[in-house]
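The same chain A turns up in both complexes below, where it pairs with chain B and then with chain C.
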Partner chain A sequence: MKQKSWAGWAALFLLAAGIAIFPWVGDFIGQRFPTSYELRLVMRAMILAIVVIGLNLLVGLAGLVSLGQAALYGLGAHVAALLSLRAGFSFAESMVFAIAIPAVMGAILAFPTVRVRGVYLAVVTIAFGLIFVNILREWVGFTGGASGLANLPRPTMFGERLMATRAQSFNYYYLILVCLLIAVWVQYAIANSRYGRAMRAAAQSENAARALGVNVVGIRTLAFAVSAGFAGLGGGLFANLALFVNYETFTFTASVELLLMVILGGSGTMAGPLVGTSVLFTATQFLQGLGQWQTFGYGFLLALVLFVMPKGIVGSLAALRARMMATSRARETGHWPNGEPNFLNNQNGQGDGTGSALIAKGVTLRFGGLTAVNAVDMALKPGTVHALIGPNGAGKSSLLNVISGFYPATEGEVTVFGHRIKNDPPYRLARLGVARSFQNTELFGQMTVLENVLVGAHTHFHASFAETVLRLPRFGREERTSRNDALRLLDFVGLSDFADEEARNLPFGHQRRLEIARALALRPKLLLLDEPAAGLTHAEIEDLIRLIRRLADHGMTVILVEHHVDMIMAVSDRVTVLDYGEVIAEGSPAEIQENPKVIEAYFGHGAPASPNAAQVPA
Partner chain B sequence: MNASASPILFVSDLRVSYGRIEAVRGVTLTVNKGEFIGVIGSNGAGKTSMLRAIAGVLRPAGGSVAFEGADTTGAKSHQMVARGLAMVPEGRMVFADQTVRDNLVLGAYSRVASDPKGVEEDIEKTLDLFPRLKERIAQQAGTLSGGEQQMLAIARGLLSRPRLLVIDELSLGLAPKILDMLFPVLTDLNRQGLSILLVEQMASYALAVTHRTYVMENGRVLFDGASADLAGDDRVLDAYLGRRGKH
Partner chain C sequence: MQYVLTGLSVGSVYAMIALGFYVMWSAAKAVNFTYGDVFMLGGVLTVVLVEMGLPLLLAGGGALAIAALAGAVIERVFVRPFNREANAIGWMLTTIAVGIMLESFTTITYGPLGRPLQTPFVEQPIRIGGSGIYPQELILPVALVIVTFALEGFYRRTVLGRAMRAVAFNRVAAGLVGIDADRITLLAFALAGAIGALAGFLIAPVIQASSSMGVVVGLKGFMVAIIAGIANARGVVIVGVVYGVMEKMIEGYLSTAARDAIGFTIMILALLIFPQGLFGRREVQKV
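And then the complex of A and B:
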């Protein structure tokens, strides 16, 4: 891992050095090269790369596909042009607004993600782009319509003209290069922080992200705003380079091209935007010689590259490298848990006055005409393990969903550590100390095992966005502490060897354990486990029993939904039995086992395949 | 077991790797016609990966798979279904937004066009095995309980008229009462001549219903034998059943 990032930085340094030397190549080879036209081409490519980096944050990290990015790019260009033409703003002043106004617009565009995603969101962004271009074209008095805004004043900075002569245009060239490097840095800084992890988490499993305290709407708004800010920066730089803007540069086709650059380079990769922009921009220049075959050639090239490299150029090369480094090693683990979970103990569940970790009173949950949970009463003492059992479809998972805030109760009330839940979203309950696992495992499959646990620690980071991007000391401190804690948690559940593996490649049973480790990273007071033993062998279940006991001994309250009877008897302090959404019995494990109602509803006769019947030798 | 029995499935030195992991490292396994075979082992032992390679969901990295005497190494899953091997996948994977009936018809996908009457009859026969599904025939599969979904997954597998049924993790997330209902159905199907290969974490269940069992560890077969013998074997008791009452 270390070596890989080192190689990445080296490649970036070489690229930046190459771009920096480019204007001077003619002096070495004694020719007039590059011409000012060629210099402009490189500047335009760099500007596009800035916009594409912004789009990559949105598409590649946050998983939100925008087909209206060119409109934000155009908004930046028009803000810069209008402010310097009509309001006499200086270059620097107009650039500030060229970034800020699209960023605000982007944040507003994020609002539809509350309701729509995937192709539906893409349609919303297309609509935005169409409206924007239409306004530019028809509001002739303001935007010049088809004739656009021409004769922008040449940009100056610190009294220095940036564009008039060839030597001065070098100034602008380097200014764009600096902006590009800043964009690359910001992209890296976001991707390798809790913000980037939360964006990817929300894209890969929204439910799990919410359960771990990620404000999904907030993080998507941030992704949209930053992405739009880069589009605006690119737009402002473009306006001051071309000294002319009209709507034709920012149509739907341009949005598609920007998205193609992201995907061709490798969506979500750090180098992808640079590679994708370079390849497509260069291809466009070469294909101009082909006349009417230009579009055909362009389409053919795209189809060919994506057929050979379906994850984009950088993404596919990285996957190939991972395959070549495939090593043979054990996928099974030794016994766990390892050590004591002392490091979780910065808050414990006891002594908050109420004497109860959780109180449910008359909780009822209806979906239409179906009553999934019916007038359930429960009371949990802190530091105890409370099992919830019952036939499939009895309402156990529905009750967990009410307690963790995924479904608001139709009637009744739930109080967690003295806080009454009333329409609190899951992320707020997570911040109150409620963590959960999911019946069908909801891991962030394309993130590493370690990153999954780090998302669990999301609520324990306090470094602001600015501190994160600037890599100020608090960011580094928190990142190091969280990494250490995450590694200790992985050791605790016996998954240290898999830290750098993608979560989706883990065997099913390990995925369950990873979900527990991730939930523990939240340092919860109340832990909800939905069938944690499903898919585990007997030996692994015994490990799980020890783990749950150890957590309870450290003051954590656990609610356990489970079917493995031996496990329930071994680990629980109290058992509640549900059938058809109602509590049919409540008591100690021993009492429950003897209860005829429970035997009838749940255990069956147990004759043909009762565990431990035939096997114990005489 | 009958020593003269001929194998319906013969897996030799099978290897599977994906990502950076080698999951199966040289597994040899035989299912004879009419046998009910179990595979047990810890998570990560390679059981699911092996099943996927047998059923054509994954391409093996090495070794061979022979189904009814023909080499099927690297065959695609739809080809395996056409040859008579059906898989009930881990986590059931029913088509949640389609009705129970449509799920069943999809199970007979390869022959529903040519033999609609036969498929209808098979659906009726299969529903007799699982009366609960009959009551829910018009319901969307996603609204079924976990146990009913598992019944549907098995029923759907049966509709391709397989000669070998491969089941991954039957007991996953199911209440004891449901399991007591499902295992006898499998035993009945087996008695009627269907060969079954069952991967199961709950070793106690697998050993109680199967003829022979393979114990996997670290991508290899550790040992195998008659299930009745293994149920009393010290190595199995320690690792997979938990030696109750001894310490």
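And then the complex of A and C:
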């Protein structure tokens, strides 16, 4: 792991050094090389790479597609051009706006669309791209129409004229190189932080991400704003390089080209944008003049890449390397629960010793005409294990979904640790200390086991976006602490040896353990487990019982939805029985076992009223 | 009045495209992203077949059949393999790739310019209360009404239609009762292809069939479907027609240049206020 990132940085250093000495190659070989045309090509490739890096953050991390990225690129270019041409802004000033305005535009486009489905963003960005070109073409008085904006003043910075000519200096060339390196850094810094993890988590399992305290709409909007900001930066640099802009550079085809660069290089990989841009940009230079066939070629290439190597060049190479390096070393599964969960201690609900962890009053949930949960009253003491049982369809999971904020209750109210929840979304409840597992495990399949747990710790990071990108001390501290905690949690559930394995490769029982570890990383005060024993072996259930008991002993409140009667008897302090959405019994496990109503609910009338019979349902 | 009439006809096209998106989305939770190009095929192929000497209706029928086949092929080859996981985005990219290929290939072979399609209904405009309109334009709303009711009847009364609804509602459960969900999805895409091509065939005499006629219309159709709440057929039709009329109003009272900018802005705002669509019901996600 360490070694791999070292190799990556070395490659980047070599690339940067190569680009840096490129203008001087002529001096070594004694020829007029590179010409100013060739220098411009390299500069344009670098600018495109900046835009592609931004798009990679969106596609590769957040799993969203923008088909209007060229328009955001063009927006940056036009902002820079108009400000320096019409308002006399300096280069630096106009660049700030060239980044900020597309970024804001990105947020405006993303916010309404990513709330429902990611697909919508793709549609809206196409629309934005069309409108953008449309306005540029029609609003001749402002943007020059087809003849564009020409004769931009040559940019200056600190009194230096920025240019890239042999006769004077290459300072603009180096400025673009610096911007590219900054872009690479920002991409790396975001990807390896809670922001990048949250983006990937939201793309892989939206529900789980929300349950762990990730504001999915917020993180997606952020992803698109950052991506648009990169496009704007590229646009501003482009305008000041070409000293001329018009709409033809920023059409839908250009957006597809940018997307193709991301996919070709390998979306989600760090080196992908650089590789994809270089390869496609070089290829394009040879394909020019083909007119419509060039467009056709883009379509064909996009389809071909998706069929043949959907991971792109870098992704495929990495997979190949991983296969060759695979030592198929046996991983050892530790026993669990391993040790005491002391490290989870925060204010674990002991704060108001007298209060209840959870109070439900008259909670009702209806779907159309169907009443899933009907006037349920419940009260939980902190530090207890409370089981919810009932026949299939009794409303147990629905009630759990109300408590964790996934369904707003139709009537009634739920109070968690003194906080009344009404329409709070799941991520806000997670921040109050409510964690949950899912009936069908919802792991982030393509993230490693360790990363899954780190997403669980999302709410415990406080370093701001700026601190994260700049790697200020607070970021490093939090990242180290969380990593240590995550490793201890993995140790606690016996998965230490699997830390760098992708979660989807785990056997089922391990996935359950991981889901619990991930929920615990939230350091919850109230833990909701939805059928955690389903699919586990007998021995694993024994372990699970000890784990839950241990958590309760440390002050955690646990709600357990289960069918497994042995487990309920062994682990719970109180049991609530639901049938047709209503509470039909409540009491200690022993009382419930004797309760005739419960037996009737499970077996119907005339069932033998023996306590043993109640153990059969599963 | 003029605006309402022409708006009705343009709106009918948007509504039909949006219906096609609705049919595909219901079956697969994925769509042919460049469905506008199937619409384009409907118009362009009709022109090509007529030029080859086929009678108009036969040419239209042929175009419809080819477009339906194209819809099916796109589903089988470009959507299904890329829509296996939830949240997959592969199908978006592959169908875009197909659309680009279709459009540029048409431009290359058919030429970049539009060609007229002669029908008896575009020779003489008729006058209704002082506004002139081609009878062809009036056929569109009629066709829309027929398609909408036919689709509803198909969904409610035929075995295949019911199977499609079952797949839309719960793919796994439909599979458990013996419905071949993959085949149903394939047929849904073919059906959508035919609906799109029908719209293209009917509008071609009015606007001239060209390779670029599909992109914007397809996009607007998708936006209409989204704004309406993609899972509601009637809502989709209403929003489509209303959008068409609104567009003509903007053209008439403001400017043609501002039409799309204003139209799209209104749609994005509508989505901001009604994230589930105007007629969409909040989807209950199974957690």
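What we mean here is this: the second predicted complex is superposed on the first by the 563 of 618 C-alpha atoms of A that agree within 3 Å, B and C clash if a C-alpha of one lies under 4 Å from a C-alpha of the other, contacts with A are read in each partner's own complex, and residues count from 1 in each chain.
Assume a contact is a pair of C-beta atoms (placed from the backbone, for glycine too) under 8 Å apart; a residue touches a chain by one contact, two chains touch by 3 or more.
Computed from a prediction, not measured in an experiment: that's the story for all the values here.
In the superposition on chain A, A:L536 contacts chain B only, with no contact to chain C.
By the touch criterion defined above, A:R86 reaches neither chain B nor chain C.
By the document's definition of touching, of the two partners only chain B reaches A:H563; chain C does not.
Once chain A of one complex is fitted onto chain A of the other, the partner contacts of A:R480 are absent, as it touches neither chain B nor chain C. Judged by the touch definition given at the top, the superposed model places A:E138 against chain C, while chain B stays out of reach.
Taken together, the two complexes place no residue of chain A in contact with both chain B and chain C. Considering their complex, residues 17-23, 25, 40-46, 48, 90-91, 145-148, 169, 172-181, 183-184, 187, 201-205, 207-209, 217-219, 231-232, 237, 239-242, 244-245 of chain B touch chain A.
Those residues of chain A lying in contact with chain C across their complex are 59, 63-65, 67, 109, 111-113, 115-116, 118-120, 122-124, 126-128, 130-131, 134-135, 138-139, 203-204, 206-207, 252-253, 256, 259, 263, 292-293, 295-296, 298-300, 302-303, 306-307, 310, 367, 397, 401, 406-407, 438. On the side of chain A, the complex with chain B involves touching residues 322-323, 325-333, 390-393, 439-440, 501-502, 505, 507-510, 531, 534-542, 563, 565-566, 601-609, 611-617. Considering their complex, residues 33, 78, 82, 87, 89-90, 92-94, 96-101, 103-105, 107-108, 112, 215-216, 219, 222-223, 226, 257-258, 260-261, 264-265, 267-269, 271-272, 275-276, 284-285, 287 of chain C touch chain A.
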